[in-house]
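Read the structure below first, then the notes.
So that you can tell them apart, the chains are marked A, B and C in the order they are listed, and the count of residues begins at 1 in each.
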Amino acid sequence: MLKRLLLVRGTEFLLFALLAAIPLAVQSPYALGLLTLLAIYGILLIGLDVTVGYLGQVNLAQAAFLGIGAYTAGILTTRWGVGLPMAVLAAGAVCTVLGALLALPSLRLEGPQFALATLSFLALTTTVLTEVEWLTAGSQGLSVDRPPLFGVALTPRLFFWLCLLVLAVVWMAMRNLLSGQWGRAFEALRDSPIATDAMGVGTYRHKVAAFAFGSGLGGVAGALYAYNFQYLQPQSYVYELTVVLLLGVVLGGRKSLWGAFVGATLVALLPNLLSNLLLFRAFAAVGFAMALFAGVRGLRRRAAGRFQALAPVVATGALVLGSFLEKNTEDWRKAIFALMLFSVVVGLPEGLMGFAAGALARLFRVAPPPLPPAAALDAVLPPRATRGEPLLEVRALHRHFGGVRAVDGVDLTVTAGTIHGLIGPNGSGKSTLVNVVSGLYTPTSGELLLRGAPLPRGSLFKAARAGVARTFQNLQLFTGMTTLENVMVALRGAYRLPLPLVLAGLGRGEERRAQAEALALLELVGLDGEARTPVKDLTYGAQRFLEMARALARKPELLILDEPAAGLAHPDVVRQVEVIRSIHARGVTIVLIEHHMDVVTSLCDVVTVLDGGRVIAEGKPGDVKRHPKVIAAYLGTTADEAGPAEGAPAAG
Amino acid sequence: MLIVKELHAGYGLSEVLVGTSLAVKRGTVVALIGANGAGKTTTMRAISGLITPTRGEVVLDGQAVTGLEAAAVARLGLAHSPEGRKVFAPLSAEDNLLLGAFPWLPRFFGFRKKAAGDLARVYDLFPRLAERRHQLAGTLSGGEQQMLAIGRALMARPKVMLLDEPSMGLAPVIVQEVFRTIRRLKAEGMTMLLVEQFARAALEVADHAYVMERGRIVVEGTPAELSRDERVLAAYLG
Amino acid sequence: MPFSIVAQIAVSGALMGLVYALVAYGFQLTFATSKSINFGQGELVMVSAFASLTLINLGTRLFPGVSLGLLYLAVVPLGLLFGALLGLVVERTAVRLALEQKSEGWILLSIIVGLFLFSAAENVWGRDDRPFPTPIPDASFHLLGVDVTWREVSVLVGVLAIMGIIETFKRTTLLGKAFEAVSADRDAGELMGISATRTVMLSYGLSGMVAALAGILVSPITTVGPTMASAMILKAFSVAVVAGLESGFGVVLVGVGLGALEGLASLYIGSGWREAPGLVLLILALAVRPTGLFGKAVIRKV
């Protein structure tokens, strides 16, 4: 525990102490300028890393937020004499709001649309800053005075300390945020946005909030940037800067505060690097050596394909060659950035710090803090009394895909407190039906009621919030996390602390309570021994059980199990039947899709049989098994004996 | 004609196939049955190259095709009609069929003329498709899409045909028609590997059958032998 | 403002809008096969234009007797070929690896490749804008009260011709149908013996060719320079997003509309605001209809 604290916090403290001490030893204003810029870029890149690293989206707007923040602070100070703290906060606030407004439309889709929207925003920002001359002085540029702070004039040295302080605060707040539920949510939504929504976490709102937050940091950095340079021009915040910032984040290492810091160092030093030919040659040679080493190693271990191993060698080789052939590196600036970025993105996708972190983790093994004892199951999942009332009602439900009527008029009532089986041949519409109920698909027509109230349609997130939890036939676990974290992501009602307090680092008590609750659920499915195991190291069977524990963390009224026994070995199936029974005993209503007829027979109170998107039979398992249509459509006889069924969909 | 030896394959970290071996002789129909999740579809996908096996070997007509990309395997004479049919929804039924013959048709012009004979044969097999040849495949009914998927595989003039769950999600009448077609193709001498949930129907057309459980073959034999096997009887023939 | 001037500006803008539509069409081609687009497409437009310019200059020096018209006719196919090659380079360096890893790394990588091409062009050809010699006269003629130049007509003809040719190729040849098959279902295409990798290469080649044509068509009107496509590419992005990444007809319609709109914006608000309508439209389109006006809804699967 102490070792961990010393290593992790101690290194951070050392870093900041060292940085703060440099101006006491070194008097050069040039070095001080570089350090100040380093602190500012640090804040900016931590903000950019939120989208690029944690959300995994290419964000081209961070240079725009730097500009907007700078102009906001600059205009507030020069025109209205607003003080420094207020102006910095205002810059952050303006960018947070604009970030949210940009994110709201553009984060709805995955893919290139987000990158395009941020690129457009960047171009639009440059246009507005240039054209709204009455406010920004246009391309002439805006001079900004550095206002005093609480009556004290800010010397360059004091200003550097101020910037460093802001960086330290941002750093700590980010760490507190990421070590709790927010960090898990970010991780989760990259692994499986569908499961994140289905666990009631809300992929979309987390993305928007994260982007807005990162943009706000960009604004804060911008304000400090304005007071640092004291002269603003719209042309400073363009495409090229955005690319350089991306280079910083990617080279430093995504999803890492240290990575952002290393990246910021690089971005701050880059202009000097290019102006000194000798330095640049040395840098290129080091890069070439690294690419060669990594490439050969990757090829020998078969970890990398030929292209992945050789392309960075070629790119850095070109850099070395160019550094000796061409004297004028400044002219080739963009090509140099491009070659550097290319080598890193292809050859070292986890960045310098990602690379270093792996090596460090092997050097220093630090035991994680011990887990709290599991909470009482009765406290986590209180027994629910049910009186046999209808819980879920499905009326005349249709869901069509093009010409295929996957669900073609289904009526179904699930009684509270029962285990309701759903069987039918492959493609009979079972999965589509539960996908509609759980909100993945919007119904084409029909009605869905939960406890008599309409169930939200077409939103996994809202359906989850309404009390529906589900597992997935094709496992949708958060593979980048441990078993315990998977359950903690989904835990309902465990995180109530307001965001500012979380940022201030007061979320630890809540975290431990959540861990205790999650452990109780893992105990229920028999995975408490694997709490710290990364999900990707779990056996297939254990992953199926984890899906159930995670769904239970929603404390649901209705639990949908989508083929939980698929691909399980026989002993696991037996154990699963027991687990489902014990969940049922706590008053959770269960809808069970299953192919193993013995599982269905031993567990279910009622079974509904689907075929061709319609209900062909419903009743007690024993009765349903003898139903002639069920035998024909599902349990299997030869097709010739079956005869035409009434439920056959009309052709065409 | 098709030999699969000790095949291991899976998705990401989970290995679904753990040493599957089977053989399909020229001109025979072989059925592969088993519960959901046993690995039948994964076997099909590993044979046709849609997923790369981690270990093992696939031999098609004396030629090793293990690890080749699916397009290359298809050009060597393997036609795979996938689970869920996977017709090209935005293209017409006839275009779907023409693309089935992609490996041997000219790329630019004159392909219609060259494919006319094969097209006529498919339309003769499925008169319904002839009626709907200009309709977009996505707007066809499930049964018609299944016929189209089989027809598309036939157009390749394959040495071996893989049929994955041709009865999936279809009404019993349509299923009967599908099986009639399979019998007719068998009579014409087509070599087929059939994955089917209707174990009984599948055993009726098959010359040989394999039962899969958890990624490996557990029982094999002629349909008659399997119908006498207690375990198979209990688990799959109800 | 007299109506004739407004109409004049709208029509000229609309004709320029066709160039945006053409570049956006290039995005559609690659998006169809690989769900990826080249963020450095503007550099392909620019470098191809420079290369064509160099070829024309070379031609006039080597064959002084040959008329400009003949030379132009010889250079255009070479320029298109050059663009196609560049498209293949982008596919190999920026796209293939990311597609194999099923990541969105191609966004960043194609930006990087574009940045490199930009810098290379700056150093090889210089930073100045240069005129592009063309046999098409600068003269204009009067049509329904609006002046139209012959060069604008060449844009109209060129854009519609190449889109027509490619669409005909897609609809009538087997390879074209294979192209659509792969966009509909990559796995099923593979099972028919259609190599997805080669189809993606083909789409990037075609896309590069289309970009080269855009460069050759627009150069005589705007001049050739490293930054000639930086503004154009943003508008092409807007057109692609607003129209959706599926419909060729849609990009033409939206491109023409956007071109007219930005002509009017620079007339009424000020020339500095010329770029604004496209950018605002893009963000609005994402808010109102994220799959574009002519796009189809996506179905999520589990």
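One rule holds in what follows: contacts are C-beta pairs under 8 Å (C-beta built on N, C-alpha and C of every residue); 3 or more make two chains touch, one makes a residue touch a chain.
Computed from a predicted model, the values in this text were never measured in an experiment.
Chain pairs B-C and A-C differ in how many C-beta pairs they share in contact, with the greater number at A-C. Legend note: the chain whose CA centroid lies nearest the centroid of all displayed protein CA atoms is A. Between chain A and chain B the centroid-to-centroid distance comes to 39 Å (mean Cα coordinates, whole Å). One inter-chain figure worth recording: chain B and chain C are separated by 42 Å, centre to centre, where each centre is the mean of the chain's CA atoms.
Centres computed as Cα averages put chain A at a distance of 34 Å from chain C.
In chain B, the positions touching at least two other chains are 89.
Residues of chain C touching chain B in their complex: 172-175, 177-178, 180-181, 184-185, 187-197.
The touching residues of chain B, when paired with chain A in their complex, are 13-14, 16, 35-39, 83-84, 89, 128, 132, 138-145, 165, 167-176, 179, 197-201, 204, 214, 236-238.
Residue ranges of chain A in contact with chain B, taken from their complex: 402-404, 425-429, 536, 540, 543, 563, 566-569, 595-596, 611-613, 631-633, 635-640, 642-645, 647-652.
By the touch criterion given at the top, residues 56-58, 102, 104-106, 108-109, 111-113, 115-117, 119-121, 123-124, 127, 130-131, 194, 239, 243, 246, 250, 305, 307-308, 311, 331-339, 341-342, 345-346, 349, 401, 435, 440-441, 472-474, 476 of chain A touch chain C in their complex. Per the touch definition, chain C reaches chain A in the complex via residues 35-37, 39, 92-93, 96-97, 100, 104-105, 107-109, 111-113, 115-116, 118-120, 122-123, 230, 234, 237-238, 241, 270, 272-273, 275-276, 278-280, 282-284, 286-288, 290-291, 299-300, 302.
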